[in-house]
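Same chain, two partners: chain A is paired with chain B first, then with chain C.
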Partner chain A sequence: MKMEKMKKKRVIVIGGGAAGMQTALRLARRGIEPVIVEKEAELGGKLRGWYVLFPTFTPASEVLNELRRRVHECGIETVLSAQVTGIAPRSVELADGRRIDGDAVVVATGFSLFDASVKEEYGYGIYDNVYTSVDIERMLGEGRVAKADGSRPKRIAFLHCVGSRDEKVCQQHCSRVCCITGVKQAMEMKRLFPDADVFNFYMDIRMFGPGYEEMYREAQQQYNVHFVRGRISEASPMLDGRIQIKAEDTLTGRPLRMSVDMLVLLVGMRANDDNAALAAGAGLRQSPSGFLAARDHFLGSVRSEVEGIYYAGTVTAPKNIGETLNEAAAAADAVAEALGA
Partner chain B sequence: MAAINFGYTISRPRAIDLDRNNLRKSDEILREMPELQTCIGCGSCTAVCTAGNLTEFNFRKVHTLVRRGEYQGAYEEMNKCMLCGKCRLVCPRGINTRGVVLLIKRKLGDF
Partner chain C sequence: MSFFAPFCIPFLVGAAAMFAVLAWKWGSWLWCLPRTDKRLILRGLPTRATLEAVGEVVGESLLHRRIFRINPLLGYMHMSLAFGWFLLIAVGWIETMACLGLHWVPIQGHVFFRYFSTGLPHVAAFDFLMDLLLLFVLSGVALAWGKRFFSRRMGMRRTTKHVPGDRVALTALWFIFPARLAAESITCALYGGGGFLTGSIGAWLGAHVPEFGLMNAESVAWWFYSSCLGLFFVAMPFSRYMHIFTEIPLIFLRRYGLRSGEKATSYDEFQVEACSRCGICIDPCQLQSVLRVDDVQSVYFLRDRRYGMLRREVADNCLMCGRCAEKCPVGIDLNTLRLNARDGLRNVPDERRYDYFKGLDRSSGEGKVGYFAGCMTLLTPRTLSAMETIFAAAGEQVWWADREGGVCCGRPLKLAGETDSARRMMRYNTELFRKHGITTLVTSCPICLKVFREDYALDGIEVLHHSEYMLRLLRSGRLALRRGATRFTYHDPCELGRGSGIYDAPRAVIEAVGELLEPEHTRENALCCGSSVANTAITDGQQVRIARSVAGELEATGAEVVVTACPLCKKALGRGTAAAVRDLAEVVAAELK
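And then the complex of A and B:
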């Protein structure tokens, strides 16, 4: 009996991204023993793909390395390259047949990126010089942003809402962070290529976070980024390898066309494909967008409808890094409270 | 007796007056095709519009005016549409845009 009481509670955290690492750290601080189960061969999740973070241009590595360092320092157990195929309130099943037991489960499996090649009308993966925001982030990190032939772009267009708010590809939700990503990358392009003209094609500019609206204004005023209200309807390659785009300039009510050296598609966040199977197996609920649905939006945002299963981060909806880290702390808190730790 | 022409006129107000506009026809149209209310005004339909690239025709503008109770000329405008359907292919809200053209023409033939 005494031994039972002395034994540390063990909580399985599925996903080793920003949400998973932060949840594990907070659990450890509350005297709980977390175990992170990560499908990739290293911790970090989507944060690994970022160069600098909005709205402060903080290097993503600063956040990532610090989280990894703390996880290592706390000696948190991690199971890498492990795909979770089944979730229960006290255990998870792995693809290789292993089972990990615990006292509760936190699902921090995050999101998937929208595959831009699905929107064939933009020619991603078909023509040169069509990129996604993820490609740009990687190129910024590699220190080499250039056209496919290696030359400097003189005209760059960003298109917002690719794979977001689009019934045609079954993604009706707003991915939230693409707007500010578009503004951030537009500014980075102007820093790299001060002579270049940068155009952002948007339908609504959603600057929801602290400092975002200020950054948008800075992009307009200090960086002279042009914002055109209209969705690009199609892109086609020109003989010289540039891209011709068409849109309606809805604020003037006239069709607009232009040629650009680079077209950047701001790809959205979508629900993981295996959410459906995991939800069905564990009795969890999915929202219409495919993300997992929290018990409620206010007092139960980190709780699922199943006792013992909790959520942290973008598994429930698109979020930025700050929100994800805060939510992870809240999830750990809820778990600790429930386990009496 | 003809009115005396003093050489000046009064311009009609340009404002869309939602106190005076009669939205009955607009409501009828939206009842038949509620999806039209989901338009986010992205302009994709107008960007690909074959007619709009050659004439002043602007599908997004016309249906928006109709939804505000501004029916004058809507029928004639919609007559410019060739029903090619490219707008329907690109609409992110999945609106049956050709259906909207036909519906507006049917409902507003006498305006």
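And then the complex of A and C:
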């Protein structure tokens, strides 16, 4: 009995992104021994691909490096390049046949990005000068945003809701963060190319977070970014390499055609493909969008249907980074309480 | 010799009512036919078509050869009832003539001959033959009973849910022949005679039942037999059994070249009432097999249309994939009937909606070969750019009808029932094609292809699907392809395969670049991708469920790449699988030498 109490509880955290790292840190602080299982060769998850974060333009590397530093400092055990294929309340199975045992499991596997080439009508991967919001983050990070031929864009169009709120591609849910990403990237484009015309084509603008609405206003008033309500129906290439887009301005009720130098598709957050297999194996529930379903929306938002399996971050629904970090702490607390640590 | 007994009355009344209703129905339908259809009939009457129709009536209305192809037991059941009953009547007629000579005998004299002929000498051969035929029909009735419980044995997973009127007629029909057996056997018990069936049963009854009881029973049995016949005849023209007689004129009219069109005519009535509600159309329907939607199939659509209770929800909920029409034993043109019913339900042309057509011409390039991408190819631009590559490789001068946007071919609107608006689009495009003087029109969309071939007046312009065009380029040596080891499977688009009869061209093109593996359902039996523009009732989620089931079958072939030749099928299948789905043009463009 005494020996058992002395022995540290061990919790497996699946996923080494923002949610996974934060969960592990919090668990460690509560005297639990976390082990992070990450499928990539390094920690960081999607955060590694972002340049600066809305709404404060904080460099993503600041958050990422700080989280990594703390994980390293706490000496948290990490298993890298390890794909989880099965989850049980006290263990996880890896693709290479290994099994990791623990006292509880936190699923922090996050989301996948919508593959823009599925919306073939927008020409991603077919024409030059069609980009995704992820490409833009990378280009901003590399410090060279330009057209495919290296020249400066004079007109840029952002298209919202690519792979979100779109029944045609089986993605009914709202990915939430793309609206503000569109506003942020439009402002960054205006900073880089002050003479360029920047348009945002949207269905609704959903500014849900603190400071977002102010940022949206600033984009219009200070940066002169144009917002057009209406989705682009199709894009086609022009001889000079520009992209011709067809859309409808639904506020004026007029169809419009426009040629742009860059078309940026704001891709949505999609449930991971392996959620179904993991859920089926562990008896977890999936919501219709494919994300894993928490026990309830209120007091059980970090608990699964199965005792001993917890959730943190975007594995349950699209969230921004702040929400993800908070939820990770809540998940760690719930685990610690359940384990009596 | 008198040929009347009071029990004949139900039969006589029923038969008279049936023939009166039949005459009225057929007469009014024929009378209301469009003038051009009437002319077709008059022209066709003295030709070979009439003889061929007679042959088809024997083959289908009596022998039911098409049902034999679906399932032999099911075919036998239908044949024994139809052909057996026909022979009973025909041989019965000969029997009366053989016994009485060439006398006029009223109809009930033929039908109830065994009752009236007790005083006549028996002809053993006829006794045997008539019993054999009765047994033949009874075996069919037994199978029909069995089908209620063991439909799978007869090749049908699901059978039709019948309306009450059908059940009355069905019950009457089921009892007609057992009742005949009972009545004839009892008469044989009292007066002797009869063959191996009625004679034997009669002898047994005579030995075991007192004569007084038999005499009462005889009267009851003949009354019952006559009543069953009468009830069946009265119910027949209003029930599914109307098909027994309606299939016959339908076969003749079809042989004379009559067809249903986008507007309803009285010819449709022949088709609608020729449906026997056998339910063979239910099993092939993917709305039923995948989505468990079980009240919209052709059998129910025709039933609702016939009784004037057709609702938009039923008319619109059909993929028009043609899988049921392929199996229909009566050969009813199910898609066209569905289409012109939709026309009746929602054709409300908006006169000003298409005013923008005036003076519109966004076409580009010049050449004798025109390319029409269609809306769906514009939404799947990989196909479009592949076609650009192929045209360039073949050195073809191309006139691009709609690369910068154009007017729809009209088929989606037509399928939705808005036929008048569709016609405006067709007129616009026809004029556009004529204006640019093309001699060949290539399209990568089977939906456009079908409407170009069937509804456009494009004399002098050859319309080709891109699969046919590419095959022609390959055969004439204008295109050369690298053949690799890639394993492909091919999904037949409904509008291309069953719709336009093009099965071999795309397959030949695929075999020029790699190995072709066929899925379980292929060619005429191919499955629909589920995203058909013809269905405006099911949701995206339901479309995806169908796409998944189809993609599953395609993946099961072990192919690395799923190929199709329709932009809509490509989009639809892409939603149902993570595997690579390509248009035929993409596959060709990638392997150009």
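Everything below uses one rule, namely that the second predicted complex is superposed on the first by the 341 of 341 C-alpha atoms of A that agree within 3 Å, B and C clash if a C-alpha of one lies under 4 Å from a C-alpha of the other, contacts with A are read in each partner's own complex, and residues count from 1 in each chain.
Note that in this section contacts are C-beta pairs under 8 Å (C-beta built on N, C-alpha and C of every residue); 3 or more make two chains touch, one makes a residue touch a chain.
Here the structure is a predicted model, which is why all the values come from computation and not from measurement.
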First (chain B), second (chain C), both or neither touched by A:D273: second
First (chain B), second (chain C), both or neither touched by A:D249: first
Which superposed partner A:R144 touches (first chain B, second chain C, both, neither): neither
Which superposed partner A:M203 touches (first chain B, second chain C, both, neither): first
Which of chain B and chain C A:I126 touches, first, second, both or neither: second
Greater residue coverage of chain A in the superposed arrangement, chain B or chain C: B
First, second, both or neither for A:V118, with chain B first and chain C second: second
Touched partner set for A:I232, first chain B, second chain C, both or neither: first
First, second, both or neither for A:K168, with chain B first and chain C second: both
Residues of chain A at both interfaces, chain B in one complex, chain C in the other: 121, 167-168, 234, 246
Chain A to chain C touching residues, read off their complex: 118, 120-121, 123, 126-127, 167-170, 234, 236, 246, 273
Chain B partner contacts - residues on chain A that touch it in the complex: 121, 161, 165-168, 203-204, 229-234, 246-250, 253-256
Residues of chain B defined as touching chain A within the complex: 40-49, 52-53, 58, 60-61, 90-94
Chain C to chain A touching residues, read off their complex: 378-382, 385, 403-405, 539-541, 544, 571, 574-575, 578
